[in-house]
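Both of the next two complexes hold subunit A, though its partner changes from subunit B to subunit C.
And now, the complex of A and B:
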């Protein structure tokens, strides 16, 4: 009986051509990578390079103003008994210091805690723009943003390694980790060099990019499906409502993933810096 | 050379399906062993949870790279 009802509903849909109540075509407009291409608000060229001011740039600028403004206002007049804004700022700073820096690097990493705090909050706020109504694009879903952050992290941990262990010593310790039988160095050394110098920045950037890209694509698919399935027959309403509920649930999941990806990015940065500070022993 | 077999359509979906096998098993192992570790020593819950989430994110990255690559090297 349900199969008959479903067949009837499908026939009714294709007959009247009212797959959704606005236009008559029945193809599902599946979101693809094109939804990430936005028209720029303004373009200008400087030194022969073209700059496109797209929504991503505007959102990134808003994120910068938010974070810098928040931390500036929180710690402008620091008191021993903190004010409310200062205690919230302290929460953020101490979270990164205790859970990330001290766990992974230890006491030697105090110098890098401000950098890790900035990194964590920048990645998190850039991710959060995916679920904020006016923004709705995760800034980190353009590969340029995670790639730039990852390049910065790569430069920093290589510089820290070269400065702490000497140029030759750093690469020697990276290529020849101690405690390995001599014959294995033939295959271990290229793998170690390749992994540390090339694979690390690549996976750091692509992990963040792919998570945000896939999450945004998923949310868009379910939102478009909720709109597309909305028609007058009861099955359309049920499917549309289910799709909408799934959008809400996936938004909650997406917020968890955003925070997790920011945490992972900072944790791995701390791990790489810690590995560069002292040789493996 | 005559064509014997051909796959048309969305190769990206097949690619992602294949790419998700390994990380699926990996994430299962991570959380399974994490739950076992918590059961053995409940007071270490916080440190175990942190390591579980770290391992999950590293493994999930591989599946998501498999999802994104068809878009990057798209048609």
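And now, the complex of A and C:
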């Protein structure tokens, strides 16, 4: 009987996921990519496509309502001497217009400032949901969201390029950089076309996704560690407190990264649009 | 922020140079590494044209970076 118990205990320790939190002497339940898989609240079918309403969709909808509501309320009755809400709204809008659009595109970019403002605030608020208590998932850690935004940006900068430089002209300027010996074009042109048309949107989406995914995984790891170490043994209390302090520090760092990633996404979008507006020299 | 005639202070080149370099390197390796890999499959070799393609891709990408960003 004792041999059976020993065998059972050995099996339980090696089998993934069968440890119990109460005993506290199993391995550390390290968070993996599984924590991003959520059950949908509701499922419905439309036109043969299945829609899952998960927490991400709900958080995205809340983000949309927040942003649209804020800007609507801020600029509903614009005055020359702004009210407090309007000042904050102006701060946000002017930040994107001056630091991103005018720096990178110049005057011709005024047309795109509303798009860039929307992009910046949407990405930032979606990122912020990682550290807001009820949400706790960065919406942009689901690849679909950055991929959709990146697809939009790709369509826009290609359309702008084609409209400004003509269809043939745009691709010729992209594929044939000037000042290169003609024979080298055979090697260089496929690289240029591939990297501008395919690699750019891919890196734009994956950069945002990977940063948010990794940040959330990091925060989850330290939070679980703080909890797990707390239930183990007296020495664990010190480690648990350290882990908790680290979680707080990493949350602050994560908030910085979220704002930075939103800024980089918008900056690169502006840069691609600016590059499409002017012919490469 | 903008010069008097409306052109941007920061030329687009300087702000997207870093990520463009990454893009070109990845693109070069993908295109010519892929071509080398397909050539390997076509000729039945184990791993002959694939590394050659990768190196050609990297060389080409670095040359493009020089042409677009490195020339004064």
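Going forward, the second predicted complex is superposed on the first by the 254 of 281 C-alpha atoms of A that agree within 3 Å, B and C clash if a C-alpha of one lies under 4 Å from a C-alpha of the other, contacts with A are read in each partner's own complex, and residues count from 1 in each chain.
Going forward, contacts are C-beta pairs under 8 Å (C-beta built on N, C-alpha and C of every residue); 3 or more make two chains touch, one makes a residue touch a chain.
Computed from a predicted structure; not experimentally measured.
Of the two partner chains, both subunit B and subunit C are touched by A:203. Of the two partner chains, subunit B is the only one that A:263 touches; subunit C does not reach it.
In the superposition on chain A, contact of A:103 is made with both subunit B and subunit C.
When the two structures are aligned on the shared chain, A:177 is found in touch with subunit C, with no touch to subunit B. Once the two structures are overlaid, the count of subunit A residues touched is higher for C than for its counterpart among subunit B and subunit C. Applying the stated contact rule after C-alpha superposition, one finds that A:214 touches subunit B and leaves subunit C untouched. By the touch criterion defined above, A:32 reaches subunit B but does not reach subunit C. Once the two complexes are overlaid on chain A, the subunit A residues touched by subunit B in the first and by subunit C in the second are 103, 203, 267. Every residue of subunit A that touches subunit C in the complex is listed here, in rising order: 98, 102-109, 177, 179-180, 184, 187-188, 190-192, 194-196, 198-200, 203, 267-268, 271-272, 274-275, 278, 280.
By the touch criterion given at the top, residues 50, 53-54, 57-58, 60-61, 64-65, 67-68, 71, 74 of subunit B touch subunit A in their complex.
Residues of subunit A touching subunit B in their complex: 32-33, 99, 103, 203, 206-207, 209-211, 213-214, 260-261, 263-264, 267. Against subunit A, in their complex, subunit C makes its touches with residues 1-2, 6-10, 12, 15-16, 19, 22-24, 26-28, 30-32, 56-57, 60-61, 63-64, 67-68, 71.
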